[in-house]
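One chain, chain A, links the two complexes that follow: it is found with chain B in the first and with chain C in the second.
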Partner chain A sequence: MLTTLLIVVPLAAALLVWILPLSAESTAGLALLGALAEVGLWAGGARNFDFSSQEQQYSASREWFSDLGISYSVGLYGFQYWLVGLTVVVGAAAIGYAMWVGRDRPRAYYGLVLFLVGSLVGVFASQDLLLFYVFFEAMLIPIYVLVGVWGGPRRVKATLTFVLYTMFGSLLMLASIIAFGISQGTFELADLGTSSNDWIFLGFLVAFFVKAPLLPFHGWLRLSYTEATPEVAAILSGVVSKAAVFGLVWIVLPHFPGPVDDLRGLALVLAAATLVYGSVLAFRQPDIRGVIAYSSMAQMGLIMLGIFSVNDLGLDGAILHSVNHGLVSAGFFLVAGIIETRFGSGELARLGGLAKGRPALASVVLILGMFTLAVPGSTNFAGEFAILSGVFQRGWGYAAVGAAAIVLAAMYALRLISAILHDRRASATRESGDLVGGELALVLPLVAILAVLSAWPALVTERSFPLDQPTSFIAGQEQGP
Partner chain B sequence: MLLLVEAGNLLLLLVGWGLVGLASYLLIGFYHERPSAILAAKKAFIMNAIGDAVMALAFFLTIAKVGSLDFSTVFDAASSGVLSDTVVTLLALGLLGGAVAKSAQIPLHTWLPDAMEGPTPVSALIHAATMVTAGVYLICRTHPVFEAAPDIQHLAALLGLATLLVAGVVALVQWDIKRVIAYSTMSQIGYMFLGAGIGAYGFAMFHLVTHAFFKALLFLTAGIVIHRFSGEQDIRKMGGLRKELPFTHATFLIGTLALVAIPPFAGFWSKDAILASALAYGGALGWILYVGGLIGTLLTGLYAFRLYFYVFRGEPRHAESEAEHHGAGEAPRSMTLPALVLAIGSTVVGFLAIPGVWEPFEEWLEPVVEPLVTPSATQEWLSSLVAVCFASAGIYLAWRAFRAGRELVREGAIRDLLEHKLWFDELYDALFSRPAQALAVRLRDDVEQPVVQRGLDEVAEGTLDASAVLGRAQSGLLRTYALAFAVSVSILALVFLVVR
Partner chain C sequence: MIQTPHVDWLALSPTLALLGAAAIALLGAVTVPRPALRAFSVAVTAVGFVVSAVFAAILFDRSPDPTILLSEGMTRDQLGALAAIILALIGLVVVLVSWGDGRKDHVGEYYALLTASAAGMVFFVSASSLMTMFLSLEWFSISLYVLCALDTHRRESLEAGLKYLIIGSFGSGVLLFGCALVYGSTGELGFSAIKEATGADDPLFVTGMAMILAGLAFKVSAAPFHMWTPDVYQGAPTSVTAFMAGATKVAALVLTLRILVTAFPEQAEIWSIAVAVLAVASLAIGNLAAIAQRDVKRMLAYSSVSHAGFLLIAIAANSDDGATSLLYYLIPYAAATVGAFAVVASRERELGRPVSLASLEGLGWERPFLGVGMWVFMLSLAGFPLTGGFLGKLFVFSAIYEAGWWWLVVIGVLATALSLAYYLNIVRALYMRQGEVSPGTVVAAGGSPPRDLLLDAAVAAGIVVTIGSFFFVQPLVDLARDAAASLPL
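Moving on to the complex of A and B:
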């Protein structure tokens, strides 16, 4: 029941915001209220969530098309609960940010953002393949519009590339879903068995690799992350990319053990290449969002390394790092937006010297930067360490590449910090003051959650999969409950 | 730092390890409006990140092979021979990599002199007394691993020797008061590595403790001197401070004597114990280390007293009006009191290990680290005698050069080499920094831009064009629609007939 509620509340709020003829302020207020209610719902649900249970929780199932074996089936395991939590928190921060900046045509804007949040929750909670596809597509529509209408100067091109890439991925996935579901006579994830069909497997794989994105499929990333409004970019990189994590962990790994085994090497090589490629490119981007975009890409490569190591350490690490990266990159995109608004530019050449007289801004940038480079002791470090020690068992070369990426991450993160905070005081550094209460209220909760996770990463890692045994849990899944 | 020292497993140690690195980065960059400070901070962090990464790799290996990062479990596995030689060697190598980066030993040493951009008390605390010596602690703490991989342990000793010699000669030509002290720190940590590398863990740790006292003392008194000159750090512009700052002069001298290892000051007891251990270790390695270490004491005497003479003796060389003065006379008590405490420490801590008479320090460490070598009292006293002779020779030469107004190293190729710190910075710049940046730029401009992004543009424009063409078909003219309909139907009919 709660799962359905978590999906319905943002959708209902979206409808309400869109229909009610309220003023801009009231619309924003209502949207924020909806988002916060969603967070409250999630937090309340967490208290009753039995993380040790083998069973799916808060599940609901209703026949939809009985002829085709399609049903509305939702439910949550631990790792899904964390991904949903990430969604609602980042969603609320994004709406708060939009409220602070102010957007044109607020009713449509907030309606779409809430719709996006609702669809994302749906993606992470689906237990039926076709339902997953429906939500997966539903989440893309608001993104197209949000980027295409409210985006930056090159928004049309950004939207177009995004549409092309995602359509390509989605169509392949749809073909795979239909082929897989028809061949098995059901679309219910729990009832689906395993398949050794490489083509069906590849359809899913490519769709998720586009979403992540992994190396040859990343062409949409730069423009979308730069041209979208900062809060949409925050949701894109922080949450939407995690749809790939969910899909791989919950659809590909359990149902395609054979093909995963055969093609694991390829996936790991792509992931490692993405990690290095993203890190190296992040090191020479001319603007804040460019650095975060490619850093996001690198982090997704790292998460993929964890997933495709298919062992307990790697999977636990991948889930933890998904949450970490979601919070950090969302926080960083919001900060980038704040800086762009205040100083009129996100180009590093026009920034610099912002630390002087702005202790709050300096602290926030520094803290987020340290999380980005995964300083030992941070939750990002815990995730990274788990992933790399997991993938080490698949081959030391991958871990060596990962270790090299630690150094690369330090290089680009420190460069970003220095370019914003230190260096010379450049032209764009107008006399604009420190962060004010509203801005801090947006970023500090994210930082606070990161701090809690740093102190206690096991909160997520030990509570992602029943009995804390991801591999056996996933392997046992294809027989059905 | 306390987390680092008190950690009961390698992972927690790595967390503390990283956090002190973070603190160091932030504190070096404390004067964040100075570009050189920010550069130095970044350099320190990245050098240490390399060490951390190497260490993390060793930990991954440990997890894969041992299944735990707990000290006792890992040590049992290492010493019982469960692990293959390769694994233990790699593990030791990884740990050594981390230790070398943190403790600024060759080849990851270049960050420490630059780290002197930080405030002087910071240099005293983390870049002299505590954090940089963490590498020595690590080797001593994980000694069973190193004992199982003797080659790597010897490598540690040799790296220590190389560092103490290189740092010693480079210190001879430095003009910045803090950099001289920084190089002396590198060189003293070199002694500690040397000691740890031959299994004289107790003495290495002992030197760590005494060094903490006299090096912090030197930094704090140097801070007083710098304060006196309103931030000036060039020793060519100092001089004759002996009369003006008598207390600072006395404490600085104590620190210098302790550094040079003149009895009865603390450095004497600890450094000579390490040298005696090298003598007792014997063999070719032992002799190389011993002789190298002796040359090191000579160098220490030279550069330490060169510094002392420049700053405190001779005539004042600074040209400034009295008005610029930070108030003539001794520094305020808040600055002198810590120096006094440290000076007392630098004098008496050495007595914790008087060879053959009273050696409580080693007994304290005995339960955890059994030393591999224990020099006899005779060896210790004999070696000490030789070492003191070398150190005194160094002092004497420094004094003669100072009297004659000569530099210790004449102009020429060698001096050039030393002033460029043996070209390490330039070498790394050319080998790693530049290629990495060039690679990033190449990837951005030659791969990402033209192939990925521009290819996309073409696809996107193609789509737009196509849709424009298709859009034109939507003309609204009934005639056209009818024609299109007729043509399509006839084509379909044709196809149908042919296929059938």
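Moving on to the complex of A and C:
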């Protein structure tokens, strides 16, 4: 019931926002109210969520298209609960940011953002393969318009590239879903057995690799993350990319153990290559968003390393790091947006020396930067450490590449920090002042959550999979109930 | 004492209701004074379509088992009844769209012909002999030829009418020749009698079957028999285009399905490959050509060719699921197509010139309701979730996968990916502008015509069916399954 509510509340809020002829302010207020209600719902649900249970929780199931064995079936395990939590928190922050900046055509805008949040929750809560696909595709509809209408000057190219890449991947996945589901006679994830068909497996893999994105499927990334409004970029990099994590952990690993075994090497090499490539490119980008975009890609590569190591440490680390990266990257995109509106540009060459007289901005950028480079003691460090230990068991080479990437992360993060805060290159940066209350209220909650996770990373890692045994849990799904 | 033959009036009632309405509308054209003529014709034909749909629904309810009537002339079954319901509802929506078309001449004739054509289609989908099939095909086709050319002051309309007449007649000729060959080799006209009589390896018989399929493919506008489609769709009055794209396709596909599975089940091996080839050709040509179009009606014409491809895949499956998925697919397809042409018609009336992609620019902001409608229709035609178009494609692909033709699924999926290029291009035109324009700006493109409530109602109906068929898929599929059960599959 709660899961259904979590899906329906944002969608209902979106409908209200579209229908009610309210002023810009009240529309934004209503949207924020919806998003906060969603966070409250999630937090309330967390109190009764039994993380040690083997059972799916808050599940709901309804007949929908019984001729094909498709049902509306949702429910949550621990790791899904965290991903949903990430969605609702980032969604609320994004709507808050939009409210702070003010957007043209507010009714359409907030409605679409809420719709996006609702479909993301649906993606993470699906227990039916086809329902998953429905939400997976449904989230493209708002993204297409959000980027294409409210984005920067090259928005139309950005949005077309994004949609074409994603649809190419997901239509292949649709073919795979049909082949897999029809041959098994059901689309219910719990009832689906395993398949050893490499082609079906590849259909899923490509879709998720485009979404993550992994090399060489990342062609859409730079433009979308740069041209979208900051809050949409925050959702894109923070949450939408995690749909790939969910798909791999909950669809690919349990149902394709054979192909995963066969092609693990390929996936790990791609992930490692993505990690290095993204980090190097992040180091070379001329603007804030470029750095975050490619750093985001690199972090997804790291998460993929964790997933494809297919062991307890790697999977726990992948989930924790997904949450970390979602929060950090969303926070960074919002800060990038704040800097861009304030100083008229996100180009590093035109920024610099912002630390002077702006302690709050400087602290926020520094803290987020520290999380990005995974300073020991941060939750990102915990995540990366778990992933690297996990992948080490698959081959020390991957772990070595991963460790090298941490150094690269330090390089681009420190370059970003110093370019924004310290270098004295800029002339256009005199007038604007420090972060004000409203902006802090957006960013600080994200930082606070990161701080809590830093103090207690086991909150996520020990509560993602029943009995804290990801591999045996996933393997248990193979046999069906 | 003269023995009167038994007439099953109920089976004929959907057709007769439409014929009656057509007759009254035609009488009205000469008797009702000009100022009241439009209101009179719209009222009469709208009532005719509603009554026809109601009769068809009753017929659906009371025909659990197929019965053959009129000495094998027609079949009373749920397949025909369901198709009749869909056809009548399409006609009703088209009447709503036509209300504001500003037609000065031939008002009464327009509505009379529209209704007569729909009556022909309603009869056509129940036809069960070569003779009635051909007669009712000509019945609705001739009405359509005239409808296409009805805007006598526009050259494009005349051109469309002439083209459709010539190519349509050629198609009919092929069909008739095929019927003659089949009759010649079997000596039978009735579909089920042909099945009993077959000498399966008779080359004349197989040639006849191929020619019948080709003749029907003209009406389905499946490639490579689609050449007339873009020109005719573009030139014909937009409401007529809407009717052709929606209703003709429904009628022609339902009958193609019926004749193939009732008359030629023994040759399924042959025709399912032929149908699959037609499907692949339609998918390839329709989608590739649509990408290059700038005129929206022309683009939608090629889109309808590509959908003929998807629908033929369902026929190629030659299974119960295939027939069910065909019937289900037709519902959101017809709703989205007719709705999209309604939006185009509205823009055309506003601007007073043909609608190109450029002239859709900003429509989404200027006319939010029509914009949302167009958006929904494009997403449905492209097969996005939350619209019936998605489940239709899914169902068709499942059916063909179960029939063992996995490569058709791959082709269908690739075609869907290709089709996004032009469907999303329309959405782009509706909402997005290039360059440094803030989304707040409105570019006024034309005048502001008075709000056309009936057209809005038509678009609303399209939206409701398109989205409703996604959420309430199972009840519709149950209906489609019942209807498909009246076929010997």
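Quick note on the criterion: the second predicted complex is superposed on the first by the 479 of 481 C-alpha atoms of A that agree within 3 Å, B and C clash if a C-alpha of one lies under 4 Å from a C-alpha of the other, contacts with A are read in each partner's own complex, and residues count from 1 in each chain.
In the analysis below, contacts are C-beta pairs under 8 Å (C-beta built on N, C-alpha and C of every residue); 3 or more make two chains touch, one makes a residue touch a chain.
Here the structure is a predicted model, which means the values were calculated and not measured.
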item: Three-chain arrangement built on chain A, chain B and chain C clash or fit; value: clash
item: Contacts of A:Leu160 with chain B and chain C, given as first, second, both or neither; value: both
item: Which superposed partner A:Trp396 touches (first chain B, second chain C, both, neither); value: first
item: Which of chain B and chain C A:Ala37 touches, first, second, both or neither; value: neither
item: Partner chain(s) touched by A:Ala60 [first = chain B, second = chain C, both, neither]; value: neither
item: Which of chain B and chain C A:Met370 touches, first, second, both or neither; value: first
item: Partner chain in contact with A:Leu5 - chain B first, chain C second, else both or neither; value: neither
item: Partner chain in contact with A:Ala355 - chain B first, chain C second, else both or neither; value: first
item: Residues of chain A contacting chain B in one complex and chain C in the other; value: 160, 164
item: Contact set on chain A toward chain C in their complex; value: 63-68, 104-105, 130, 133-135, 137-138, 140-141, 144-145, 148-150, 153, 155-156, 159-160, 163-164, 167-168, 171-172, 174-175, 178-179, 181-182
item: Chain B-touching residues of chain A, taken from the complex the two chains share; value: 157, 160-161, 164, 218-220, 222-223, 277, 280-281, 283-285, 313, 353, 355-356, 366, 370, 373, 375-377, 381, 385, 388-389, 392-393, 396, 399-400, 403-404, 406-407, 410-411, 414-415, 418, 421-424
item: Parts of chain C lying in touch with chain A, wherever the complex brings them together; value: 321, 324, 365, 379, 384-386, 390-391, 394-395, 397-398, 401-402, 406, 409-410, 413-414, 416-417, 420-421, 424, 427-428, 431-432, 434-436, 438-440, 473-474, 477, 481
item: Complex interface listing, chain B residues touching chain A; value: 11, 14-19, 21-22, 26, 29, 32-33, 35, 38, 42, 45-46, 49-50, 52-54, 56-57, 59-61, 63-64, 436-437, 439-441, 443-444, 448, 452-453, 455-457, 459-460, 463-464
